[in-house]
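By letter and in written order, the chains are A, B, C, D and E; residue numbering begins at 1 in each of them.
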């Protein structure tokens, strides 16, 4: 199996590094192709190229939208493109975006980014190696990076 | 006939379970393929894979967007992708989303989710087994999960 | 010529019935295939199936979005999908949506729905039987269901 | 060369007539196919049909969105569809929309519509007959219908 | 290698000129095809034509949205189309947009446009000649045109 890792120079933390470490720790020998582009709007085609030209089986797209309304619009455009790319390839792209305003302090933010990247790397492995296994957690309120919301009662 | 059931680990209630129960009660022997993914933005490609790779005749997509503006944007992106997936496959995907702010108390929310899932399961069966049968209820103000609005006078 | 009629059980008035009556009165013997689905987001694929699988030459999509912001988002998603479906088939889909907040009283609302459905049925016939005929009304401020705005002076 | 002219009966001024006059004055013998549809959301498929079924080399899409928020959403949906239609055909569609609230008085509005239509007709001719010629005006702050903004200093 | 340069007559500064200068300084002999269109909504098909009909390996799209809400919507539509064009061609389009309200004074604005254009030209060269080289700057908070945000600590 081969995972494509697409990320940006715009982001202020290296989430891809954390995800690659997590992938390798849990699945030594997994194939990894990394491709860094300038910003999040470059991610959809970057992922599509990884899936089609590098024959990756799944891609992960790491991005860190800034704090302004314009950044939120960019993130929306990127997300829409990532969904389109999946529909054109029939392969998953795990979107791992952390908005710069999700935490106030840089320390919390970096911790959140590290954790979300690692937890989504585990999701990627489940989708790749045991695609039916996530059903055990269906409807259980999982969150990546923070505390799980848990199921409602 | 085979129904694809796509849902998420993000949701806080197992709507898919309710829908599968309803499908089986009303149509014993119906084929069911369940596929759970992390979040609602993963649902479009999940449904497309169920329809194309697992040869399902129809899919249901269960999701539970959170309470924030960002969650509403995610839901919009997912819905747009689900419509695209339908246009690419010429098959129906019944979107069953319950927004976390549709009810104040957890008990009401879970009741709403259970009911909406079951009522949409019945819609799915009608579309599959008697696609022209819903015309009897055309313009009658049906609602899934709550009281019907009914026709205007 | 064959017209596909797609509508919903969500709507609170049977606009399709009015449109079918208008179509038959003005063009006896016209082919009509009706297909009712649960909600407006199911309309794009319903229309595409009517155009491609039932060989309709044109489709009409009837919907009645509710009063909330969420309903407006659903309508936007449905409209986007209806435009996509047209681009994929090179056939017209006449969108006939009436928002529940376009009139205060139920009586006015039903009158508006009846009238908009009938007037758009006439548009459908013009597009089908004399596609160049609407040019006579170009830029004349036509409105379906209410008083025409008329041309500016 | 053949230009497709798509416009609406919803608009309150005949912009297409002005554009056709401008095209013919500047390029006698140019082919013109006009196609009028009810509203702006019908323009994307109308243009695609002109480009593909009538073999037009370029299309112009004339529309006049009303004053409400709903009209702005319709315009956004139409614009998105017009861009998609261009990507599917690799041909230009010049969008000539005038929003009803761009001018207060009807006289100003009609003057603006006339002028924008004519100036975009000239743009269409440049794209068709000398596609590299607009580079002379690159970054010069051109506006169609009103005074040019001009370059910044 | 050949770079397509698409820009507009609407913009008030010639960003393309700056980018072409930067490209040629750093990679003498690189192929360049420039194509100017009226506005930003014409950029998606302009880029697609450069990539498919002129065989460019990458395109850059320069635009300068105005200050109003309507301009922001246009920019969103253009961006969505640019992402779609990339997914249809599997080639990068570097979007270089400067919003007219990013700086108060014309002098600052022109400086920003010049700098963003040049810095994105360097990004284009990296994507073309050493596609894996941007990984060295991954997560480092790069910004084009202004001071870099830098990594978080």
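The criterion applied here is as follows: a residue touches a chain if its C-beta (ideal position, glycine included) is under 8 Å from a C-beta of that chain, and two chains touch if they have at least 3 such contacts.
Bear in mind that the values here come from a model prediction, so they are computed numbers and not experimental data.
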Same-site or different-site touching of chain A by its copy chain B, using the half cut: different
Gap in Å, rounded to a whole number, between the CA centres of chain D and chain A: 41
Inter-chain centre distance, chain C versus chain D - centres from mean C-alpha coordinates, in Å: 25
Overlap residues in chain B, where contacts from two or more other chains coincide: 80, 84
Contact graph of the chains (line, ring, star, complete, other): ring
Sequence of chains encountered when the ring is traversed from chain A in the direction of chain E: A, E, D, C, B
In the complex, chain C residues that touch chain D: 72, 76, 79-80, 82-84, 86-87, 90-95, 99, 120, 123, 127, 131-132, 134-135, 137-144, 149-153
Of chain B, residues touching chain A in the complex: 7-17, 34-38, 41-42, 44-46, 48-49, 52-53, 64, 66, 70, 73-74, 77-78, 80-81, 84-85, 88, 106-107, 109-110
